[in-house]
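Two complexes are shown next, each including subunit A; its partner changes from subunit B in the first to subunit C in the second.
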Partner chain A sequence: MPPFFQVMKVKVKLFTLLRLEFGVSEVELEFEKEPVSLKEVLHELSKRFGEKFLSKLVENENLKVGTIILKNGKNVLELDGINTLVQDGDELSLFPPGGGG
Partner chain B sequence: MIDFSRQASLLGEECQERLFNSSVFVAGVGALGCVVAELLVRAGIGTLWLTDFATVDPPDLNRQLLYTSEDLGKKKVFIAKEKLKRINPSANIFPIDAKIKSGFELPEKLDVVVDCLDNFESRFFLEELAWKRGIPLVHGGISRFFGQVTVVIPGETKRLSEVFKGAKDESHVPVVGYVPVVVGALQVHQVLNLLCNKPTLTNKLLILDLASLSIEEINLT
Partner chain C sequence: MPGTYAGKLLRVNLSTGEIKKEEIPEELLRKFIGGRGLASKYLFDELDPTVDPLSPDNKLIFVTGPLTGTPAPTGGRYMVVTKGPLTGTIACSNSGGFWGAELKKAGYDMIIVEGKAESPVYISIKDDQVEIKDASNLWGLTTHEVTDRLIEEVGDKTARVACIGPAGENLVKFACVINDKHRAAGRTGVGAVMGSKNLKAIVVKGTGKVEAPNPEEFKEVIKEKIDKIRKNPVTGEGLPKLGTKVLDNIINANGLYPTRNFQTGVFEWTHEVCGEALVEKGYLQRNKACYACPIGCGRYTKLPNGREGEGPEYETGWAFGAVCGVKDLIAIVEANFLCNELGLDTISTGVTIACAMELYERGFIPKEDLAKGPELLFGSSEAIVYYTRAIAYRQGFGDKLAEGSYRLASMYGHPEYSMSVKRQELPAYDPRGAQGHALEYATSNRGGCHVRGYMISPEILGVPEKLDTQQVEGKAQWVKAFQDVTAVIDSAGVCLFSSFALDINDYTDLLKSATGFDYTVEEVLKCGERIWNLERLFNLKAGIKPEEDTLPKRFLEEPLPEGPQKGATVKLSQLLPEYYKVRGWTENGIPTEEKLKELSLA
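What follows is the complex of A and B.
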């Protein structure tokens, strides 16, 4: 780590079914390097919420369909998927959208 | 005849006049579509197009408010038209018994399209039709105790197909009847705001969570 590096902070917001299932609406994660990949963020989250969290979102090292992940309001599938880079101050929003009408 | 004075005093006479002269397309007359269509007719929308291919089934009755057990087995669009005409006989209501898929075309002279469909594939197709014609679209979707609403304005906002890329459709989505009432009402609020040039949920996704009693916005970029 560089001598003056401050920890990188990322805000993760869970909505709808994820919030109901894991009982948390918002988490702030800290990393000792920057940037990190979305994959690293998800693995960090699974340390808090358990393997069940990861298995809902990731399959064979790729994002599973069903849950939308926005980085600062942009779908990560429009960026670099699970390899999308996450930097200090970024905000991730995770939610399975309502498909019914 | 409906006397609109109670809302015209709130919205303004000019806005009310615009509603009378507006044409709105409601895609899907299920749980959301029933709420949206009824509130639009009660608001005084002059012309309403209703599209659905389904018939009324027993599992629909917990949340599809225009239908009753007497309507089982009948086509939703025709029953909906009949009920809506009883509410506002002055409204022009055109039922379209069709599925929104390849080959479907939107009617002419629409001011707003309202997405009350039940799957993302059809939604993305509907959005493409509206986008090409430059017509604003108000999206709503529901599941369980949750729902979301956003407004798509061609050339100005993110598209549903971008925001919801990777979404997965569920068959027989579990849902309680009051969720579509709230989400449908929020959609109608957006329709009226669009028609009366008031602020709308453009480039914002509103997420309603009745399990935690929260309503939040995400800025879309």
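What follows is the complex of A and C.
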């Protein structure tokens, strides 16, 4: 680790099926590098909650159709998808596919 | 008669007592599919569109589609089509449950109710036995009570009841028709039309079979489509597990969750009232599925005080929650139960109360007008429950609320605080947060409505693909396509939610196999476009001007004040001309002769 490096923190909010199945509504993750990709964040979460967590959101290494991930309120599909870069202080909101009317 | 159609309609004249059975021409079935399309065609041909909606001259049509009553996934839908008292437009309200399938099994594609009975009646249908019966002793009963009483009266627990509650009897402009106790043909005030005819209920028992020309092939097609629905993450997991209330946090986090009469798009108490909270607080008991539905998005809920019933759906939870500023989930569910029992549209009820709250807080409604009812303050759980009941019985200030937000706000000189389009209250998506959805609101043929072309799907949910919420280019094409496909779905007799997993090719497969018509995708889409244009023609003849294809001033002029879409307004002046062009209408919004000829409507 380079000298003076501060740990980067990302707040992740879990909603709908994630909140109900994993019983957690908010997680704070720490990374020793900055930035990281959304993909890395999801894999980190998967380490914590198991493969099932990832399968709710991701299919064939890409976001499932209907998965909504917001970075500071903006849908990552309007940014760089699963490769969107995440920086210190960013807030992610994770929603598995859902719908209604 | 082709395939799964009954091929027959029932015409009941309540003024004369005459009951007739008529053949439906095959050509009409092919061109208008059934359901919403077929009933719109009959209404257009038979009704003077300028008729007073609550007069005996209006007609009230209950209609099924070719897939209703079949094992096709979600094939339990029926529609109520009439001229609506809330909007003055053509009204079409869609419901699930089991009533529609039962009507088809009794041997009818639709019922056309005409005239007005001298005193309260109900219609009893048992296959080909049809009778108009006295309902004097049922008048005044709630939808639950009348359903139980009629099932007892016909002596068959498997009979199905569609009825009105006190709200329909009292001609509340947004009264609904309730079937199977908990399912609503909710919007556009179709329950008031039923009440105006002194018709309390229709009880149906059908023992017939609904069969496709090639049952084995139909079975295979259905199997394939059910499989698609089960494998789709929205219809296979999201909707079954959380119901439509999966949306609360999604829409709030995207900044278009209308709060306090659409003054903002973020509700700070969403965590208290969302679908997750309904589960975590232990109110949710189980899922409920309609006829032939593999999704099962319905919720069955029980409150700590023992009250139980179906709901709340996303729209209802919001209509008594965020838009009224209320964070009390118990009061929200109670107001939902009351709407079902009294026969009120939950969206219009909640949004009308929200409008009154804004008018009251701004000082436009004087306290003495509330007739000793609770103060209309945002956040008041007492107010939502009290006024829901008062509306249904037109008691005190409820009598004014019963006219809907547009007429209410106009009475007090401020129609701009009515969050409505063509006098119907808008549902749970702030149009500033999704430009395509805004265009859908402005152009819906039945007034403010989200289920005539649900652009939230691509703009927010990313299904079938993600569109930029604020982008204007290309949105008109999307809206037209969604509106036309939705007209097909409503006419086929299946649920719109199936479209999260199925596309127009799937619907064409199902329709072909069910009816035996050699439909192509192009022909089916043309049917959808034809239906849309026919509804438009009805509205124009009814005196609804294209200038009404607009939105409340708030959305055009006041930017969203906070959240991820802060600063957004609806760019309607760019969206609408493009839409008229894509529709093949004049720049003033009138379908051209050429377009009508192309659709065989001229």
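One rule holds for everything that comes next: the second predicted complex is superposed on the first by the 98 of 101 C-alpha atoms of A that agree within 3 Å, B and C clash if a C-alpha of one lies under 4 Å from a C-alpha of the other, contacts with A are read in each partner's own complex, and residues count from 1 in each chain.
The definition used in the following text is that contacts are C-beta pairs under 8 Å (C-beta built on N, C-alpha and C of every residue); 3 or more make two chains touch, one makes a residue touch a chain.
Quick caveat, the model's predicted, so the values are computed rather than measured.
Superposition note: with subunit A as the common reference, subunit B and subunit C are in steric clash. Legend: residue contacts after superposition of the two complexes on their common chain; A:N62 is shown touching neither subunit B nor subunit C. Once the two complexes are overlaid on the shared chain, A:L20 sits against subunit B and subunit C alike. By the touch criterion stated above, A:Q6 is placed in contact with neither subunit B nor subunit C.
Shared-chain residue A:F95: touches subunit B and subunit C both. Of the two partner chains, both subunit B and subunit C are touched by A:L77. Superposing on chain A, the segment of subunit C with clashing C-alpha atoms against subunit B, chosen from 92-100, 146-154 or 218-226, turns out to be 92-100. In the superposition on chain A, the residues of subunit A contacted by subunit B and by subunit C overlap at 15-17, 19-20, 25, 65-68, 70, 72-75, 77-78, 93, 95-101. For subunit A in complex with subunit C, the residues that touch the partner chain are 15-17, 19-20, 25, 64-68, 70, 72-75, 77-78, 93, 95-101. Within the complex formed with subunit B, the subunit A residues making contact are 15-17, 19-20, 25, 63, 65-68, 70, 72-75, 77-78, 93, 95-101. By the touch criterion stated above, subunit B contacts subunit A in their complex at residues 28, 30-33, 115-120, 140-148, 162-170, 173, 175, 180, 183, 203, 207, 209, 211-212, 214, 216, 218-221. In the complex of the two chains, the subunit C residues touching subunit A come out as 232-235, 237-239, 241-247, 249-250, 253-255, 271, 275-276, 279-280, 297, 313-315, 450-451, 454, 456-457, 460-466, 468, 496-497, 500, 563-565.
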